[in-house]
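Two complexes are shown next, each including subunit A; its partner changes from subunit B in the first to subunit C in the second.
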Partner chain A sequence: MTFKVRFVNHYKRRRDIYNIYALLLLFVIISSILDKDFLTLRNLTNIFTTNVPFLIAAYAQTIVILIGGVDLSIGACISLVTCIMATIGTEGGWWSAMPGIFISFLVCAVLGFMKGILITKFGIQALIATLSISLIIGGFSLAILDKPGGNVSKEFSKPFSSDISLFIICTIIFILIWFMLNYTKFGKYIYAVGGNSLSAYSAGINVDVVKISGFILSGFLIALAGVVSAASMRSGDPTSGEPLTLKSLTASIIGGASFSGGKGYIECTFAGVIIFAIINNILNLLGVSTFYQYIAQGLLLIFAIAITSIQDK
Partner chain B sequence: MKNIKRILMVALILCIILLIGACGKSTKENDESLKDSKDSQDSGSNYVVGFCNYTVSNSWQTQMEAEFKYACERLIEEGVLSKYYITNADGDANKQISDFKDLMTKKCDAIIITAASASALSPVCEEAVDEGIVVVSFDSLVDTSEITGKVSCNDVEFGEIGAQFIADSIGGKGKIAMLDGIAGSTCSEGRTEGAMNIFNKYPDIEIVNQTNADWDYAKAKVVVEGLLNSGIELDAIWSQGGAMTQAAVDAFNEAGKSLIPMSGEASNGFLKVWKENLDNGFSSICPGYPTYISEVALEQAIRALNGETIEDLYVLPSGSIGDEDIDDYYNPELPDSYWVITHLTDEQVKEIFK
Partner chain C sequence: MAPIKLASRICMKTLEVKELTKYFGKNCVLNNVNITFLPGEIHAIVGENGAGKSTLLKILMGQFPFDGGSISYNNKKMIFRSPFDAKENSFGLVYQELTLIREMSVLDNLFLGSEYTKHGFISRKKQIEKFDFLKEKFQFDISHDEPVKNLSLSKQYLVEVLRVLMEDSEVIMFDETTSALDDDEAESLFDIIRMLKDSNKIIIFISHRLNEIFAISDKITVLKDGELVNTLFTDTLTHDSLIELMVGRTIKDIYPAKIKPRDEIDFSVEGLTTKDLSLQNISFDVRRGEIVGIAGLKGHGQNILLDCIAGIRKYDTGKIKLENHLIPRGNVRKAVKNGIFLVPEDRKTEALFLNHSVGRNLTISILNNRYLYKVINKKRETNFINDSVCEMNIKCSSYKNMVSELSGGNQQKVVLGKVLGTEPKVLLFNEPTRGIDVNTKQEIMMRIRTLSDEGVSVIIYSSDLLEIIGISNTVYTMYEGRITRKLTDEQINEIEIMQGIHSGGEMR
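Presenting the complex of A and B:
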């Protein structure tokens, strides 16, 4: 790679990030003009902390999109994790939640492995494979908890879902993923496989292994999102995760991730989630009917996709 | 060129979003000016209240939200309230948690909530109560005792009313089918529990089919048609939703079968079908949740704000309409989706369902 090419790539990448953060800044400015309660520490903390499961789910979705896939089972997996958390080790000190967490991570990793196998070894389209998995998991969740309920130990959930620990968790996760995608071989493989799996294959990358590992990694993130969700709800809910499937997809795309794979950045997904959250927040603060929230979300999505496709031309 | 396109696009979208925000803002400012004019007339208490709704996915919820809105507007004129907010989470428990926190940010004195999930919203409700906010949960209740008060309609009672009618009309003996709501919803489980309380007392009642038809006309119709085709001779159908009963009646009529007793729900559409089929010997009962439950919750919240002690749990009696009461409730001029046990005037209902 010559210096020039590298510089252009670097510039392109920076441009995507600058664009989305400029948009985020605009949203913050407009919102703070529109409502005086917006730019308060309390409100900004709320925007962040109430969207942590969404944020982590969006990271999981971004990784899958990067390898050229899509995961429609994220929401169902998160619901399943909340059900597991709310039925295993429900009473006692903070350690009582540990078996639930361990099982959740195990289950999500296995599910990720299965999704990867279905897509790579059986050649099923990601859309179909994950949709079917989502239905199956939805059934399992209802079998574990037929209605919202159960209990997650208060000694665990209170400190775990406190503002400070959510900040710490998000920071660590962000740094880990960012480092992995940018500075490890695996991260480069992910971009290579998503960008063009044929040339990645000819370059000697084991495409299937990268894809399966991507789904397993995404599984770990989904499990974490579920654990955070269960802790903040202090209970399980067999359907609570469902909206996160589409939301995570939307946020990834707002962040500039491309369905064709190989394009997308974790820092952009973060901005996508926060923009999405700000729209809901500001319209709530203004007392605007929820119906307009959907209109705004829809417009934002079209806008984000249009921007990406104009840039790709 | 690319850049110009992009900048135009950004400008356009921002304009639209600003416009949406501005529309909302202007109506709220009207409210504020209304408040100011009221202030000069009388010194009301001027509370700010919020309604944290979880969905308006069906007409009952639409009407229930409207009852809250009209009640608030009345109270604003009376000087009791200065402002009200309504949020809607579209069934998403996580969004409802952030909606609730947004209402706290807006410094609501009282928040009434119908929860997407009984347990998920409990922590945030407790947090609000700790900050001195009055929290009244109603309809779909939160699962904590550490809130100001609750107002409920009893799902179990709803199920029992219908089931008792079924048991009585078939003489405590026979084959019945059960049409349930959405699997996993508190409401559906509660109604089914009520029905089972009654049916378990009658060993000769055999439940040949129990399906989650999701309160949906189309789904229920498929189920009942399947049962008719299977050749099972049903003696009665216990249904926990008006649209599902309507579907069952239609399926029976289309198959040319004589109608059997079925329990319903107090919607105008179901009353219409019921009235039309009275002559065919159709008999039913419809328990119904009053849509003004939101108004009752608001009144409880205001009583609490005024320093009165309110009941921990106020159970609003389920209304129930029998064969002889149809004409008192049925209104042919209003749409099918209108719920007849209401405080709204006909004009207000027409306004909502226009």
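Presenting the complex of A and C:
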């Protein structure tokens, strides 16, 4: 086989990944032409660090989408976690936040389990199940903290405000998820169950267990996103997470994840998040009002979905 | 392997099904069935749809529990609780429908559910080694990295077969695996099956294509309505005697006698060509009431041709005329308005609303025929539905039944009933009898014949050559997007057609 043929074949197989990174590159180039402040180390670091909860939430969403579901309660869960973090162990050293973290992870895992049970055992559509969960959690968050406030231990939140530690956290999380999806049985099963659950069943995979575990795993990631978010705000807010639901969905879709399940890559979701963040950042730099930013986000989503569905044809 | 050892294995590892009984609710789908499967033997199971063939395989594969009797393999009683259980005990089934996961690579699909791991992680290296070993052994050309969706249909089936081979299964079952393949593709599958036979596997094979069954099987078991009719050596049977066993009565000929069509030219296609050359200068005329058969190997343009005529696809140059009236290209609505209808290949996805009732499916394309003051009239509609259920002989307890509850043959009748309700002038059929039992096949063929008698022109493509031979007044063979031969009357036979579809011999 000649080099060219091999390259073409390789490209065909990994088309989704190459395309999304080409798009990312395009956005970087356009942005750096539009504003000279864009391509500075400070701005790029800023883009990254302010979007860490978003990034982790998008991973959580991608995993759920891969198993053929969707999670509309991600934002509400993150808000809940910030409320828990801001009311438990508010003073003292970094260890005082530990009970809060433990409870947050537990709560999110249990919620993930519940979503999974509702979807698999009760046969409720993911959209409806997670939407109802989202409403319930919203109520709980308000019961804990009726307005933004509370306090997160300073000692604890300090490391989360440093760029280096956020960078390390993100790298570790990315590698773990990537490895899990590509090199473990569970990862392959996630793709299989999302791709065609009947086939997965006849291959001897316990479909329900995979789905429930996927939601629990996604729950852990949501808790992590919430903890990082609370630490960076140093307080709790019962509505702070709300935009993350749709943002995480948009980023996953831009990254090429398919609502029908079984299609999507974690590396593409990463690119999706960064593209989303770059658009907001450049609009900020150019001084465009937030209202128009929403319009831009909406157009981006339509664009992303149109591209993927045309490709699929 | 030493021959003596081989002989002892033949004695040992038989699969015995004894007095197997299975109920679905009150329906008895298998009643006291006794079959013995020997290793190194290809055992075909035939019967009409609903005879219980697929159910038998599913029971053997642990998908359904059974209600009575026993299954023993290697003198051990087997009760499988799940397909996984059956796999563990070296039973493997190649499904009728593809069960691959399209987005995943060939390698991931092959090892799904039985991954090779090292320290708990998937070992790609070991998997690729195994894959290369299989590639060497069975001589196929597929790259392990390729996502399944990029493969051709026949290669996808090959992957499906490989999946079972990989497990080193001793009992390998094929459930109509060939129904989506054309003759060449099926033949390469048979080579693999014969190879398996030589390595002393138990092979159970289900197909509706009798030719295939005669070509490959050693023994044939006939089931009818859940009961065993007989198990016989293939050599002792002929086509006709087998059909007789299957239907319980003699069908002299599945295909009704041909009637000479009228002389007037009703419909014509002139110089149809597409840019990518998947169609090149296709021209033919269809007389009123004529049945024109299109023969060709899979992928030589027959589907595209039918799609172009039906307006589903666009062609680049050429004309389609109906009664000297030009039909605009690439416009399904106009085509339908002019009375040109396509009965598509895949009834489940392209023709039917599976989760709607029989009635709604029958009426959907011509709602306004039963308008009264611009509103659909319930009474007219019910009358129409009852008439067509009756006329088409659709077996359902009520027209309110979901189409998904019907068997394949009855589903096809619903499609046909729907199309007939629109009073078509030209009917296009793409594989009208795929996966349908002999009896229903005959009904559908009779139906097509009466239609042509009534003056409807029919263009039919089928990968089953006998079908084309049996029904067509004129046959065109296609090769690489061109028409290679026009055959009429006595010219319509297997040899002529085979020559036409296998070579670029010029049109005669």
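As a working rule, the second predicted complex is superposed on the first by the 300 of 313 C-alpha atoms of A that agree within 3 Å, B and C clash if a C-alpha of one lies under 4 Å from a C-alpha of the other, contacts with A are read in each partner's own complex, and residues count from 1 in each chain.
Just so we're on the same page, a contact is a pair of C-beta atoms (placed from the backbone, for glycine too) under 8 Å apart; a residue touches a chain by one contact, two chains touch by 3 or more.
Just so you know, these numbers come straight off a predicted model, no measurement behind them.
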item: Fit-or-clash call for subunit B and subunit C when the two complexes are aligned on subunit A; value: fit
item: First, second, both or neither for A:Ala109, with subunit B first and subunit C second; value: neither
item: Touching partner for A:Phe303 - first (subunit B), second (subunit C), both, neither; value: first
item: Touching partner for A:Thr50 - first (subunit B), second (subunit C), both, neither; value: first
item: Partner chain(s) touched by A:Gly149 [first = subunit B, second = subunit C, both, neither]; value: first
item: Partner chain(s) touched by A:Ile253 [first = subunit B, second = subunit C, both, neither]; value: neither
item: First (subunit B), second (subunit C), both or neither touched by A:Pro243; value: first
item: Vertex subunit A, arms to subunit B and subunit C (CA centres, degrees, nearest 10); value: 130
item: More subunit A residues in contact [subunit B versus subunit C]; value: B
item: First, second, both or neither for A:Tyr191, with subunit B first and subunit C second; value: second
item: Subunit B versus subunit C - smallest C-alpha distance in the overlay, whole Å; value: 11
item: Subunit B and subunit C contact sites that coincide on subunit A, given as residue numbers; value: none
item: Residues on subunit A engaged by subunit C in the complex (per definition of touch); value: 9, 12-13, 182-185, 188, 191-192, 195-196, 198-205, 262-263
item: Subunit B partner contacts - residues on subunit A that touch it in the complex; value: 23, 26, 30, 34, 37, 40, 42-43, 46-47, 50-51, 53-54, 86, 142, 145-151, 157, 161, 229, 232-240, 242-244, 277, 279-290, 292, 294-296, 299-300, 303, 306-307, 310-311, 313
item: Subunit A-touching residues of subunit C, taken from the complex the two chains share; value: 63, 82-84, 87, 95, 99-105, 108, 112-115, 117, 120-122, 124, 143, 145-147, 150
item: Touch list for subunit B against partner subunit A, complex; value: 2, 5-6, 9-10, 13-14, 16-18, 20-25, 27-28, 56, 83, 85-95, 97-99, 101-103, 105-107, 116-123, 143, 183-186, 189
